[in-house]
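Listed below are the structures to be examined.
The two complexes that follow have subunit A in common; it is paired with subunit B in the first and with subunit C in the second.
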Partner chain A sequence: MSARFADPRGEPAWLRALLIAAALGFLALFLVVPVAAVFVQAFSKGVATYLAAIREPMALSAVKLTLLVAAIAVPVNTLFGLAAAWAVTRFRFRGRNLLVTLIDLPFSVSPVVSGMLFVLLFGAQGLLGPWLAERGVRVLFALPGILLATLFVTAPFVARQLIPLMESQGAAEEEAALSLGASGLQTFAWVTLPKIGWGLLYGVVLTTARAMGEFGAVSVVSGHIRGRTNTVPLHVEILYNEYQFAAAFAVASLLTLTALATLAAQALLARRLARRGVR
Partner chain B sequence: MRIQLTSILLLAALTAPAGAAKPVTILNVSYDPTRELYQELNASFAQAWQAETGQDVRIEQSHGGAGKQARAVIDGLEADVVTLALAYDIDAIARTGLLPANWQSRLPHNSTPYTSTIVFLVRRGNPKGIRDWGDLAKPGVSVITPNPKTSGGARWNYLAAWGWALRELGSEAAARELVTGIFRNVPVLDTGARGATVTFVERGIGDVLLAWENEALLALRELGAGRLEIVVPSLSILAEPPVALVDRVVDRRGTRRVAEAYLRHLYTRPGQEIVARHFYRPRDPEVLAAHAATFPRVELFTIDEVFGGWAEAQRVHFADGGEYDRMAKGR
Partner chain C sequence: MHGTWGSESARRSRSRRRAERGPLPGFGLAMGTTLLYLGLLVLLPLATVVLKSAEIPPERLLEVVASPRALASYRLTFGAALAGAAVNLVFGLIVAWVLVRYRFPGRRLVDALVDLPFALPTAVAGIALAAVYAENGWLGAPLAALGLKVAYTPLGVGVALTFIGLPFVVRSVQPVLADLDPVLEEAAATLGGSRLQTLARVVLPEILPAAATGFVLALARALGEYGSVIFIAGNLPMESEITALLIMVQLEQYDYAAATGIALVFLIASFSLLLLLNGIARLRRSGGAA
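What follows is the complex of A and B.
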């Protein structure tokens, strides 16, 4: 009788073992095996093929474009996220709830629809397209369109990360700083930023991962011009459809590596974040 | 040594034709299965153009389902030339004023430098015994074709089946029943021909792929040796994938001359040779004769004979609320 109450969780040992095994098995099946498969496929024709696929001019141009888009989208959305979280958590104003909902909008809209949105706006038959075309401005099927689509789908990450954090931390320390004569900028740099630092980094990591990995929305606005408007995910699809499977997986392994790096960074940050939360 | 180098440079500068220094780039927006074809044609044209004018030309490529690609050009993708799966998609572009309505009469052979047809790709040994269009609607046969709404190839598939039924079964109602039956047997509708090929060949889904002849022959060479077989139906459609200059774009970009030469290059002997090597049926009778072993003899009908042209076929079958939509609803 007493043995049954010995374990406060109240589950028999075999059931616990079973559940853990199921969870781990599931993880292995849906995470470890596919990731391993990417690398096995990537190297299936040898290291030389792998390197050739990555060094190929079309692949390099895709990598360059993806890095460029991320290099612009991440800082912009970091600033946006900071500003939005600041506004939402430090002020009470009309339309505040609407703003919170709007920040989440890109999460709830399918990426393809996000892409279509920009086609409707900037397409040659769209609302602003003809006006822009007359002035020689190209948005769709060029860098600006890809950038806009990426900005749109990655907009919520930093804000979503910061809003609950800043909400729970409250504004007492900032108020103290201000009452002691610090300027707004000083308060932000010396009080707010250290408080939210890890959360912010976490948001930036997620934004970066999505900015480099986005397929749907970018696919709609890209025009798929090889060597010009193909990002890494689009290039992977092209290679795959051209029967160059090893090359496709080689380039895909680059994305997988960034994803793994993201996961590692995420785990590290989450741990730091948890420790801070306790304090 | 220095004098020698200088004189060589001077000589090079003098012999290069005027205006040759500036390289030019044109964009060819094409449909799905032409990737390998244009890779080689582009290299061959760049060489010919360089020899003729001294100018470097780079041809950029974009590929996808023909309907989707036409849509992108309409939405502002700056194509100097379009090389799509069927005339209707270029008609759609012409309606926006990007090129004149009579575009198809501007180049020989209805602006189609190569033709193809629709054949069946089956698994080795043809386990389901698929011989002709009638076999595709049988229960238990899984058919792979892309979506006629987005893919030109799929529209040719559909019309080929319809045309065969009209002749063999003798009525519109029988044709409708057959095509409905075929599409009822389709488990996945990809947006483009290449996606459908990958679904069938790589992912191993389906018993038969309805495919462009060129796509089937390419798949056989790339991945199918010993795994796949081609079945040629008793009757199929003459598929004419046309090419056209996009006037509004070339005039704005100042690329008319090179873009026109590019399209004409498709009709030249070297161009037609490349076409045949990539399993498209060349227009040049001598080149066709030289590659006769590649292309099985098959009785072909044209879309004009059976359907009264693309505009009519599109209106009756593929427009919103047309035959295909009603079929899909009934499914």
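What follows is the complex of A and C.
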């Protein structure tokens, strides 16, 4: 009783313990157990099988393709995010809210539908497919298709991270730099970039994670050609469907490690951003 | 952009427009890049779906969209997504509360872990959940002993969609809870309210709009989800086949008309949820509740 009077916002100790147990139990059940299962299954046939699965030529070519796609998609969408955030937060214009909704749009489209959009455009019966095929350009079941699907799915991340950040920071410092005679480019490089650095990095981390892990959209456009159009998540699916469970989980463990590294980076960056008094 | 061409009046009107927009440079470049990129990458493909579905005769479109198999997939997808979002609403509130209000060892680690469903590729989540909930799996075995089959049933779909929507309610509620003025709760306690009354009548109304946002976000994400579901669902037509998979099957059979029709249903559903979210956001701003 006395504790309640001392802290009017406190719950009784038993309720506190019960709520913590419920929260941790729920998260353990849905998050920790599946992640643990990935590693246990990956090593279920021994270390030799694990190493063989991730060193196999098909696995390596999948890793190469995934890294290549990320290496192109991340810079492109980072530039787009910077341009979009600059346009949205530094100017007043009509249709601003509509533009913000449009930037977020890919988030609300199912991954399978996202992939399908490009099949409708570039497929054999598609709008642009026949025209491009005549000129020997292959989009579907090739790198360009995988790249387009990945670009679509990851387009909003950087912009979405930067817009609220740049909104809250305001443009006073940029205006000061300009009035002191700096050029637009100088202002951007020396004033804006340092201001938004951590937030930008946060968006880049999210974009990279999604670009390397996207499954549904890429699955539609890739054609699953082994050694050619197979990304790491698709390689996991093929192995799993062939009942090579240990190998599937071994390759999946690489993606899981990437995800855990992403979470660590996110936590670190979030703390940096919090210390600067934003977010 | 430099405007060395054109008449004096045109230049003046341009500079006036610029003054209305703000003093910074780069509007044309930033806006042009943004619109060109979005137009080519997002709007053109989306317009193609609408164009393609306009080519399909209306009665064929209706037949495709309302076929028994499609209807069964909507029921399963929507039901499981709703159930998953509901579970996440309850536990998301508890997790957010515990993370904001209590201090315990490992709290920061747990906080970081909440985002796992965003970071983990969906295919990995799918095979991991399938392994855990299979009849010989860590959780599947004890549940099967209780007579509850999870993997390869609609219940499995619900489990996967709970996983995929887990962060939304937590991340929506957390900042609101952290910013909540302690004076409110103290006043309620001083006025003689029990702690439970204070929580139900003072705290809950304050965080409810944020919780609703998280719920709708989780629902929207779950409706379109594919990767994490297909490994744990049985994928039997009429029984355990989600709508996203149905589109995939139709694409593999080159039945583009059917796939386009059902994709249109999907797009309409997700845009309705987007409008709902905007409505909640407007309510939150005007209601003054954070």
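Following the convention adopted for this analysis, the second predicted complex is superposed on the first by the 273 of 279 C-alpha atoms of A that agree within 3 Å, B and C clash if a C-alpha of one lies under 4 Å from a C-alpha of the other, contacts with A are read in each partner's own complex, and residues count from 1 in each chain.
The criterion applied here is as follows: a contact is a pair of C-beta atoms (placed from the backbone, for glycine too) under 8 Å apart; a residue touches a chain by one contact, two chains touch by 3 or more.
Not measured: the values here are computed from a predicted model.
Q: Should A:His224 be classified as contacting the first partner (subunit B), the second (subunit C), both, or neither?
A: First partner only.
Q: Tell me the contact category for A:Val119 with respect to subunit B and subunit C: first, second, both or neither.
A: Both partners, subunit B and subunit C.
Q: Which partner does A:Ile103 contact after superposing on A: first (subunit B), second (subunit C), both, neither?
A: Second partner only, subunit C.
Q: Quick check for you: in the superposed arrangement, does A:Phe157 touch first (subunit B), second (subunit C), both or neither?
A: neither
Q: Which partner chains sit in contact with A:Tyr202 here, subunit B, subunit C, both or neither? Use first/second/both/neither.
A: Touch status of A:Tyr202: no partner.
Q: For A:Val38, decide between first (touching subunit B), second (touching subunit C), both and neither.
A: second
Q: May I ask you to decide whether A:Tyr240 touches subunit B, subunit C, both, or neither, giving the answer as first, second, both or neither?
A: In the superposition, A:Tyr240 contacts both subunit B and subunit C.
Q: Is A:Tyr50 contacted by the first partner subunit B, the second partner subunit C, both or neither?
A: neither
Q: More residues of subunit A are touched by which partner: subunit B or subunit C?
A: Between subunit B and subunit C, C touches the greater number of residues in subunit A.
Q: Output the subunit A positions appearing in both contact lists, the one against subunit B and the one against subunit C.
A: Shared contact residues on subunit A (touching subunit B in one complex, subunit C in the other): 119, 123, 125-126, 240, 245.
Q: In the complex of these two chains, what residues of subunit A are touching subunit C?
A: For this pair, the touching residues of subunit A are 4, 8-12, 16, 19-20, 22-24, 26-27, 29-35, 37-38, 41, 79-80, 83-84, 86-87, 90-93, 99, 101-103, 105-106, 108-113, 116-121, 123, 125-127, 148, 151-152, 155, 171, 174-175, 178, 184, 187-188, 206, 209, 212-216, 219-220, 232-234, 236-237, 240, 245, 248-249, 252, 255-256, 259-260, 262-264, 266-267.
Q: Please name which positions on subunit B make contact with subunit A in the complex.
A: Residues in contact with subunit A: 27, 32, 35-36, 60-64, 72, 74-78, 96, 194-195, 198, 202, 222-223.
Q: Would you tell me which residues of subunit C are touching subunit A in their complex?
A: 20-27, 29-31, 33-34, 37-38, 41-46, 48-49, 51-52, 91, 94-95, 97-99, 101-102, 104, 108, 110-125, 127-129, 131-132, 137-139, 162-163, 166, 182, 185-186, 188-190, 195, 198, 220, 223-227, 231, 244-245, 247-248, 251, 256, 259-260, 263, 266-267, 270-271, 273-274, 278
Q: Name, in rising order, each residue of subunit A that touches subunit B in their complex.
A: 119, 122-126, 129, 133, 138, 140-141, 223-228, 238, 240-243, 245
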